[in-house]
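Shared between the two complexes below is subunit A, which pairs with subunit B and subunit C, respectively.
Up next is the complex of A and B:
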């Protein structure tokens, strides 16, 4: 039992997150440890939301990646904020519109990928320029505040734990069930191992890939909506750090880059870890150059530690 | 090279994978100038033994002697190569993204400097010409674009090609399983010439005729041990089968199958894209329809067209029932390497096992366990990874996937590659029983024996149907004749 747990690749991201937390605490003499954890939970929540979508895309196999996540966040966030115009009564409509934007982006991406046969990395990169231009044209770069109720929901805490984090833990658990126990999830992992074998086994390959890109875009849109509420409004640069973060949490979390092997618990460990590394290096007051260097080295160390999966034979 | 010189000998070799004891105290010796035939059921330990010889697996116990030197400690692939021991495995080892010539270079590190690509191309081309005259493979072809038969040919030619180290012993593991009768004949003739010139070959095959015809000495393996080893002349087909440990069933049991009348509407029909006359493939419910001819003459494409027709409208083919496919190239088209045997079996049947929105793990376990017993997949636990099975047992899992699904039509793309005789008989029996029960089989095979299980056979040549033989018209001569000469019909 214990050995089974120790063999899980996602374990390492939690161990790493805990060690980084300890290292930070050692510096501050264990002051503010609780606050640091709630801050980490808050920011990790947003990483996890986009990470889930990116993880499903990665699990489709080599070459699959969604680079349009930041642009989708920005477009969905700014359209929803402008539409709601700070009125609490519009919250649900704003959410629905954000999700519809996600569906639209997913469809657009997939048209480029399947219809025009553009590799996903190029297709989603180029579509992100189109999406971002739409956001600029629509919002003119103005920052519009969220409805107070939405701001409240995205920041409220119960006993130091953000409510949103609890909701996203439940979301991640549900998506874990989707990945491992539904036909859709099984199909995604089949395609990720061998797209030809999946086709011959009767998996509707193109439909599953389509659904997965839509899922990723919808989650990005949801994240944009919530993050706009959390950070006091949408802005054109709000998605910036989510491009690398969405990829990093998937990889650090133990999902196989080669596809076919998704991993949900690891997303949380990795997201906490990413945030805690940043705050640790800030606490140590290192120069920017050293911070980047240390971040890179730490990520390499964690992936190496987690990556020792043995193959049979 | 002198005859009768001891090239390699293994002495009391043991190898285990977890709880599976793959080799238990195996002794084996091979001399120059002999072709050693190696037979045994799937999972008898043949492939493991060859991996030990090739240096890709280290034995747990035992000694390895090459030309009299004890190399047990240092033995690995590089040592094996430098001593002239080469191996063609069942799992092909070419890099699919490289050309034929580049793959030759990967193997021969001495091809360096300006013009290496041309020299590598010439090296491999000369060998291909020698073994498979008229092969039509170019050195610039990308390996991934070649069919499985041509990949196998390149692999074989590469193993026999020589640059700075001599070739003394070549291990061929099921080399003819992807080749049609003509290519297989060319290869076996070459093996005989190679051996006569003082080389040595270890030949593994499930086709006992090949072994008896080509090998000078035959070794029989069972449950990880060598149970018999005698000159080939002292064996007959039946005594070999008996030594392998399965009862020789009446070989012509299958021919008792009588031709059925073809009435009513067919469940599947298809016309090759390049067909100029009105010939078309027709399958009725409960029939076993064979696709014959030389390898790569459009049979696989026909099966793919039928498979695609189950999903979207197609001009080439139409089917009236759900379709399942048993792939021949199991590595790229069949197995899911990260999954357990159980998940590999159930993937095509998940829709039946859904409760609410979720797949019911108990039903999955029941299905996998049922099929493990039904077709005797050799594993202690269907929860083990699919790669823990030997090649033939992996293929059985793929059969279980198709036969366990609801598909009324089962397409088979030469699926018996690397499957032993006992298993083949079992599968033939199962196909017949399923056909009686109303399932339709469309079966591409390169083996004449398998065509005898069919109700109706279509012979393919150049992507077209050239003959349409009912069961009572089917003879080997007719199939061979029509495979080679294009009919005006």
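Up next is the complex of A and C:
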């Protein structure tokens, strides 16, 4: 039983997050530990939303990656904010428009990948230029505030736990069921393990890949919408840190980079870990160069620990 | 000669007359803007200011063309190629916001050798043949502490929000802040985070370090991070300290709300994106045959408690406080540099 739990690749991201938290607390004498967890949950929420989409894409197998996540967040966030123009009555319409943008981006990405036979890494990178240009042309980089009700919803906490984090825990659990229990999810895993075998077994490979890229873009759009609400408006650079973060949470969370083996709980551990590492290094007052160095080394250590455990099987 | 009616044209002629030089004709001269990045609100405002000032100037016949070009990837190689193209296309002057202070020097030298005037601003280049309209970022950082020492005389813990690590501007502003702090020992910097001049990133970074910090009495910033800091303090349930702002509309709006609600006092300082128009006029004056010193300094745009409302009213919703510079303003900057 314990051995089963120890074998879970996602365990290591939570262990790492906890150790980093302890290390931070050792420095401050256990002052502000609860507040730090609150803050970590708040920001991890957004990493997890985009991480879910990226994880499904990764699970499709080698070469599959969505680099258009930051641009999609920016476009969806800025269009929704401008459309809602701080009116509470427009919240639902704003959300729908953001999601439609996500669907549009997903379709566009897939046309590039399948229709034009461009490798996903190039296709999504180039589409992100198109998408970001659209965001610039539409919003001209202006920062428009979210409706008060949306800002309230994205920041409200119950007993120190952000409500949005609870919602995203539920979302992650649902997506876990989708990945492991539905035909769609199992098809994604099957394609990731062997695209030829999946094809021979009658899995509609292209339709599944299409749905997966759309899913990733829709989640990115949702994240852009919520994050704009949380941080007091959209900005052209709001998505920047989400490119690396979306990939890092997937990999640190124990999902196989080679595909065919997705992992949802690990996203949360990894997202908390990423935020806490930054907080720890900031708390230690290391210089920026040392912080980057330490961040890199710590991430390598966690991935090695998680990967090393897997080979024992 | 074309009939000049625009105010800008008149200003240009007036300035030329004042400076004593003959009204040399720049009406057949073509100026290009080489810009390395457009992906934030400051750069967007910079490009809009360029259009707003140069289009009437072109219509009035002060110059023949003033075309803006922006590279897609914010890459040195790309901008070097862009500069080479501008030389081939026969522009007389290139106004340059550079991706790197030294990596473009080769391309800039080639342009100079081809007889093209190069005026760099904001992101300046070190190549001696180019003009530099630089921001005294160090002074900007120091000014923040000088403001604080007038407001606060007791012991005071500071939180420093820095910009993008490894960037010249970030180092300079931070140096100025630290220099100021060392002169006034009642201030102590107890925490420092990088907010990358972005409200959302600053908010995340401040939220992460705040639980470990003692009471903070003031936050020194670099611009584009003040509102995020305020939100992080509010979310942590702490009293919001004195936060120096950076002229963004959301920062000014928040300041105004706090001012009306509880008399909150602070100041805001940054560089107006309209500095591109200052560079335009300087380039025009160089083409005009004026003797312009190679190193010029951009004036700060500072907002205080008294002129907050005026500046807020003039700031575009979601944008950054801005001024466009006139030919006269450029003349003043040049004359100051000669003194």
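The rule is simple: the second predicted complex is superposed on the first by the 308 of 313 C-alpha atoms of A that agree within 3 Å, B and C clash if a C-alpha of one lies under 4 Å from a C-alpha of the other, contacts with A are read in each partner's own complex, and residues count from 1 in each chain.
One rule holds in what follows: a contact is a pair of C-beta atoms (placed from the backbone, for glycine too) under 8 Å apart; a residue touches a chain by one contact, two chains touch by 3 or more.
Values in this document were obtained by computation on a predicted structure and should not be read as measured data.
> Overlay done on subunit A, so just call it for subunit B and subunit C: clash or fit.
Result for subunit B and subunit C: fit.
> Taking the superposition as given, does A:227 touch the first partner, subunit B, the second, subunit C, both, or neither?
second
> Would you check which partner chain A:39 touches, where first means subunit B only, second means subunit C only, and both and neither mean what they say?
Second partner only.
> Pick one for A:304: touches subunit B only (first), subunit C only (second), both, or neither.
After superposing on A, A:304 lies clear of both subunit B and subunit C.
> Let me test your reading of the model: by the given contact rule, A:87 touches which partner, first (subunit B), second (subunit C), both or neither?
It touches nothing on subunit B or subunit C.
> Touching A:142, do we find subunit B (first), subunit C (second), both, or neither?
In the superposition, A:142 touches subunit C alone.
> What's your read, subunit B or subunit C touching more residues of subunit A?
Touching more of subunit A: C.
> Based on the superposed arrangement, let me know which partner A:183 touches: subunit B (first), subunit C (second), both, or neither?
After superposition on chain A, A:183 lies in contact with subunit B alone.
> Which holds for A:197: it touches subunit B only (first), subunit C only (second), both, or neither?
first
> Report for A:241: first if it touches subunit B alone, second if subunit C alone, otherwise both or neither.
A:241 contacts subunit C only, not subunit B.
> Once the two structures sit on chain A together, report how near the CA atoms of subunit B get to those of subunit C, whole Å.
33
> Inside the complex, what are the residues of subunit C that reach subunit A?
Contacts found on subunit C: 38-41, 43-45, 48, 72, 162, 165-166, 191-194, 196, 198-201, 203-205, 207-212, 227-228, 231, 235-236, 248-250, 316-319.
> Note which residues of subunit A are touching subunit B in the complex, please.
Residues in contact with subunit B: 177, 181-183, 186, 189-190, 193-194, 196-198, 200-204, 260-261, 311-313.
> Using the touch definition from the top, list the residues of subunit B that touch subunit A in their complex.
17, 307, 311, 324-325, 327, 332-339, 343, 347-348, 350-351, 354, 357-359, 361, 385, 387-388, 401, 405
> Any idea which subunit A residues touch subunit C in the complex?
24, 27-28, 31-36, 39-40, 42-43, 129, 132, 136, 140-145, 155, 227, 231-233, 235-238, 240-241, 275-276, 278-279, 282-283, 285, 288-289, 291-292
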